[in-house]
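Look at the two complexes coming up: chain A is in both, with chain B in one and chain C in the other.
Entry: the complex of A and B
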């Protein structure tokens, strides 16, 4: 299901935790039904492109990284960080024309989350949070529920202590637990009934491993609670 | 040569055994079984080797074993003097066994989906994919907690036969219409596994990583 003819809104959407996109790796990501390749070279920031090699349409997320280039698994066409094709192995003496270029998108890393903006204008800003530094990754989950259902579920979830919920931007949610712990949830609409949720934490005194594992388990419980409330057995048969 | 593997190149279960044989640097003879289209694994000759009519089968001298998980245990116990692939520490041993059973049980739903999509097996594909997704989520949850500890393997600090047993049908699941988009921890674990020394690919799993 590719939705390529719609005009993409000028909006930043979280699609992954920065810590989970390791150096020299490529990943498949779906945003509003659009297939994207999220990759990182051996150094430098992550990048998001359409998941399609300009040559034969192979998914670039199946490709592999050498240096700071992404190479298509199919014929090894090699793309630099700006998306331009730098080498075609079957024609080693050819300098590829500038017109051969992957479809690139605005990408940013903030609060430990990788954000994507699919629009051409990119005038919008990544959502502002009260605490800029100090965010640590908890985990990502992918839910069989719509983004509004997930937002409702986050607000209604029993965190075991007093919780205050606010929405600093569309598809972004902050939950303050007690006086000290802030959880930030970035929602990634995948399809009409599927949503990615990327969670980071900020609290005084850097949370240690057992604390971060406990929060990760709690996010899994949140996922399971939302899916049960939505009445859907995961995954629902009609989307298979 | 003492070791002989009754093998099929496209079988993820046979691939489990081939991977461990490579990791342990063991030489072995391969006898290709015409699984498809010949259905040689259901022939009377093959049923004498394994009455369950399944591959792989391993022979080591006079010993004959079926079941990929059992074969992994045997090979690691006999030939891995380091004890890395099958830890003897009781806690680790138990954990490895637990995920080994998971590989031979719940994860095989992904194998069923692949047999449906690639070889036309007649089965409930929606149910198979749903069960495979449920299993992948359980392993992804486990590996997510492991990654928070900066540990990349299913049990302990080294890859074990639990990783070997779980890897093939997770990695091959795209052949059954089951993508990896929802499982970031599985993706990082698979990449680490593919970067192991002496790892080799099979059809459906890219050589380049």
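Entry: the complex of A and C
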């Protein structure tokens, strides 16, 4: 028997900003109701596994990192980056059988966002964006709204200047503001009425931290507007 | 919540309160296997229980007051309460730690109580240490005469085994699973190798994944205050609760491939096999199989 036996679509979904996931940490993430653990070793890329230790089902997002292994909080079973169990503390002299493995998922970091693909095939690609380098984190927010509602909200929002919206993929949205600023929104469907939104920006000029901080506040305004169910007014380009 | 239709789960005596919860002349409303009940106490030593339907009292339920707890049953032919002699020894200190709510299935709780491998990680520097994590092999048997599961010859290194311990020690444990909803352990007393502390856990399943745990103890300890002992026990239990409420699924999976045991889990494996054989379905993950 498998506990998670639903068939997942072959697509990549953004679940966090790469910069938010510090080294040696583990976090809970929910994607379409499925509980996942997002963790990073002391070095290297972040990984996404089912939030369930194969031993007795403890959530791995409660685990702790030693080196580049994730250890379960319940009995300390130690999992390497490929998901294989490397140590069982109750039996220090035993080499764990190769069959003991956490349930791992395709994970990628692109545009400063961590992407997950829950399908077994993983033939799809992470959505293609025009400017590959130069994407910088703005912020992540959680919204009490469905993913389609959030997409509508992003498209309808009054940005206070000409804005062109496009959708390079399902659950992904690019908004070009004026001539030099692109905002990219990755949507993470959490549940029917809950969506995560991970936002990065690409500017043609020198990246400016104060400007990104203002953008981060505006993303919070966007969230409030969507949750209130209306089309708010984005501040004028000058204040951006 | 609707009452369970599982005849196996119903035919047990189940803890449904403790004296501190039910004032003399008063009552305490609670839930048993999905059924609302009222436990009342007309006189200091007399308890009564009855089914509660939409605020009205229905069928009277039998009651036993034992091991510092109040027990009742919804079944017609319940398995008798276990015999635990330690609660009748005159020089024992009987301590009831009250009840703690835990959102998981009763069997996850029994399994956690039966498990030594988690001591170094969940009760770090109290019941175990990260330097000594080995679970040495021990004996597990299903004692057919009493239909209980016993684990004997259990030994584990403990930095601070009890409130009375004064340093690290190898602690000897014996575990006894007395029903799907009750378990106890005997652990050696720090200053008297001939005697054991007896610590019980009676689980009141309110729903399939909502429980109350009662932990009465019969101790050989003339040093510590009751408050200090309760405090120690609560600290341990709250550490376990973090684990118990974050196991997935909360209901107990019985399919052999659902979770992966090792040698240290022989107790858990025997317990799960026992549950499967008795055909219990309440609180079990695989509904179709039950």
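Rule of thumb we're sticking to: the second predicted complex is superposed on the first by the 224 of 240 C-alpha atoms of A that agree within 3 Å, B and C clash if a C-alpha of one lies under 4 Å from a C-alpha of the other, contacts with A are read in each partner's own complex, and residues count from 1 in each chain.
We adopt the following convention: a contact is a pair of C-beta atoms (placed from the backbone, for glycine too) under 8 Å apart; a residue touches a chain by one contact, two chains touch by 3 or more.
These figures come from a predicted structure and were not determined experimentally.
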First, second, both or neither for A:62, with chain B first and chain C second: both
Which superposed partner A:9 touches (first chain B, second chain C, both, neither): neither
Which superposed partner A:228 touches (first chain B, second chain C, both, neither): neither
Touched partner set for A:29, first chain B, second chain C, both or neither: first
First (chain B), second (chain C), both or neither touched by A:73: both
On chain A, positions contacted by chain B and by chain C: 62, 73
Sites on chain B touched by chain A in the complex: 125-126, 129-130, 133-134, 141, 144-145, 147-149, 177, 179-185, 187-188, 191, 206, 208-209
Parts of chain A lying in touch with chain B, wherever the complex brings them together: 16-17, 20, 22, 25, 27-30, 62, 64, 71, 73, 139-140, 142, 190, 196, 209, 212-213, 216-217, 220, 233-235, 237, 240
Contact set on chain C toward chain A in their complex: 111, 115-118, 120-122, 130, 133-135, 242-243, 246-249, 253, 255, 257-265, 268, 286
Touching residues on chain A, where the partner in the complex is chain C: 1, 3, 35, 51-52, 54-59, 62, 72-76, 88-92, 94, 100
